[in-house]
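Supplied in structure tokens, the structure appears directly below.
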């Protein structure tokens, strides 16, 4: 086997742990540095998955011991770390969103475009093999021309109040995944309409955010995309995609851990609730996301979404936010 | 419209009522006589569906006012009434079984064969449009050569003790429907094996009968048929058929009254229990059974099962009973 | 039985035929007059279902032989016929929409409100027993508070060009059924957003109409309703409703004529395409719609939608049309 | 971590490879010896998964470098290798069947019983988490008393002629898995009935074997078990289990790799064929089977099936073979 890719990991929260776990299953890479200003977190992660520990990103880049980095730290640090990676000529996989402020993203855009350092964005849904298979079959013409896309995406429960305050709102935090998923099928989105609502969470209302939302996108070929979101779902994580075309329909339903169904005097054909949340539903996708990034690190063709995809998703999320406030559809031009 | 066919109905129990109801929906026929020694039953039925009333079958046949008869009276009277119908040159639709005693059936066999009076047997499952469609698609070659047939058939609850005593046992009373259904797909059955069991009903055990049974049939082309029966099912009437062939499988599942499914924290995709019992599940089939018989009465080609089908089902049921007692497979020759 | 209700039918096109058929199955009513300026149509319908024939509505009302009327004539005649029914003190079941022009509807509104003549609107989906069951279970609290409603409704194929020209556009012709269905669950709608698209039909584009649409409604309690429409669907008539609430979800899927599923080397668990179109899918609902109207005619409590429901649906359809043109959400006040 | 368990592997055919792969994913064990008289196979496996190579089992046991062994060599060698393991005081996981000849199994039985060396049998289906969950829920009383078990088990395609000749016949080669699975739910089987058939394979007929079979078992509490087998299935590996009880039913359906379903003008709700065969369908179960064996090696409580289970399955398979030949049910006493 060729030499292992040495990875520096920034951030050791929930998603940082996921990436560390993924790396542990991939022979071609090894965790060389774990970096977190909360040094205890870094130490615990390094103890379990290996690597040296630091609270200082500069130390990591300066060490010369990272062939690539994964940015799983708080959103506000993303732009700075991606820029350091570019400057250090180190490939980077950055969690979404690049930033909550499109101005800061745009400020980095030219440098990202000019650099040939691979920059991958952490849109995990693009790596779910069911969605990949769905896209393959759409591309293969199984449903003719794609005309409508319906994404129903509901989290099992709302995030803690502390998280809500910094999340950037439902569109930039939750919907952004579905906006990128829409672009996985229809890259050129030209218009965004959105309505938000507050139906169940006082916490969300206090955070001046919506707990429910419906977004309509229009593609350049007049495709219509519908995204239905809720911050809670009593029956588990609800993740469905329906692609409707001129000659048929393809649908990805929810995933269940068990094949056991139950018949009783009360109900029949019943199956247990769905997988709880994204760590379970997209466990494999997170692993494939890192594996695909490693291909880019090796200079191989890679289908990882990149900086422009991260920027596009943020633009759509911002447009959704604006539309939800004003009631007016917002035209967007992702290419300009 | 041509003149209505005048029907004489023998027996006004549950199944007699079903046939009277079916006739009421069929413009081409009318109920002209209702005959039951329990004269109050006859009167009630006639009051609702029309017709003259009698306690005496001979009066009905002698009236000259019946173009066809339906025999839905107790099993012991079937042979006598069918014989009277033949002698009177009146087409007859007879409920299954023809008799509990194959000797009595055989005694009538020659006369039935020599007569050209239409004799139809009340095997309602042959008229269920889902099973008809299944057979059409098997015959159309959708699964290649038919190799295996799996029939799962469970009643919602055991019959009352009084009925059990006269039922002739599970094979001649309940399994007989599935034996005929098997012959709908594979007419030439050459061997019967059966195992019976007593797992839940003390009443059934007292009646020296089985509450559960499994029957294996062999067709002339070495097809294997599996019939699984139970006298109860907590979740409703369970009626499934699976045809397995060299290039695929066709399956008829259970029928549900509602399209509403429920998702909750406890279970997902749950739907209400199945239709309660045969009167609901086969309501349409009973109507089509009578309609098909009326075609025969009019001299049109008819696919109603006939006397030989009734005899064959009884032979198979008897063979199942013998096999269940002795533990040995029983060879049968339905043609001889 | 009490005396039969004598029905006058206006219009003998496709939907007029459906109502005539429904009446033929209902013992309590009889077709007394069939009225159509296309007198051959009236004659054919009367020949099959009974009744006297006229080309002149005034003759029908003047005859004194109608206890109630059904208006299934072209939309432009609805307001006039409903007004004649009110003036004649004759209960009326009117097909949707009341008119394509809300001003004409509003002009009739006060008279309709002041009269105690029953006025029922032909929103057939409210009578589908699956949707009725869905509503019953939502009302019974099975999913807690209703938060989101997702209606996917796709016709099998676009209407002929001649029809398109007079249809009033997708929102007033097709979506209007789903708008009313939304109000069946959430009567008080306060806001409408809509996007239309042209993805497949040159005919529809020529008619200056949309072939696809997505509508978002907001209820008074901040419920969000999503309606996804297309004028074609390769796999048959697509009619689904999903009610999402605080403690669960209830879903009505598509209806299939057969229970037969197919397994092959290419695909498994496949079932035949859905029922072709509304005449098949809602056959029973059309019958129940008329039956419910007859209850109102008899002075019994009736759950038929009324004039205000017809007006509300048209207001919502108009608001959808305006939103689709301007890109802005439209506030509506159905009560004023 | 404690020291790794050193495993000696006998046999490097298909199933030997599976076990080597499983070991590679289990941190607690390592492959120390790979033994196969076909030394090239041993070398290839050791090259990929590690371990020393030998053609001679005695060398392996004598090395003192095996803490446990896995027997995946041809059936005829099983008894000898298990005996060597017992004599060497080395825990052994032996593939099914122990032998094709019950006399040879019985000859080893006393020694196996007297020894406290863990002996596990390779009945992989007991480790499928869906069947485990099914059993857990049956045991938890979700369907009341277990009354019937229906196992439908069809291989995708018949084995090569060379394999057929040595397979011991369908009952000892294929059905044996389902016989053991039946005993997983109902350990005390008292009677076996079986019918075999030849419907599609000339090769199988030449080998004097059946290509299709139906087996009925009776449990000590009069439970009835139905096993339906075929050596081919056009739509993939068919593995279903249905447990029917006094208050309900639990069912494990087939497993599909994809969540994508397809709707077209020809068929709707269609999904791709099932996972091809046991290596795919039971991949995880094979891993858990080895993991559970390792628990026994460590002296921990283990739910691995043992020698008596292997013997019982063979007795049932032999009884099925005899019943299929004679047509008579065969009483069995697994305890004696």
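In this document, chain identifiers A, B, C and D correspond to the written order of the chains, with residue numbering beginning at 1 in each.
Rule of thumb we're sticking to: a contact is a pair of C-beta atoms (placed from the backbone, for glycine too) under 8 Å apart; a residue touches a chain by one contact, two chains touch by 3 or more.
This one's a predicted model, so the numbers in the text were calculated from it and none came from an experiment.
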Looking at Cα centroids only, farthest away from chain D lies chain C
Counting C-beta pairs in contact for C-D and for B-D, the higher total belongs to B-D
Dist(centroid_CA(chain B), centroid_CA(chain D)) in Å evaluates to 42
When the centre of a chain is set as the mean of its C-alpha atoms, what distance in Å lies between chain C and chain D?
59
Can you list every residue of chain A that touches 2 or more other chains, as numbers and ranges?
143, 234-235, 247-249, 254, 262-265
Touch list for chain B against partner chain A, complex:
234-236, 254, 256, 262-274
Provide the residue numbers of chain D that touch chain A in the complex, in ascending order.
129-130, 133-134, 137, 142-143, 247-255, 258-265
Help me check something: in the complex, which residues belonging to chain B touch chain D?
143-145, 147-148, 150, 152, 154, 191, 193, 195, 197-200, 212-214, 216, 218, 221-224, 226, 228, 230, 232-235, 238, 244, 246-249, 327-329
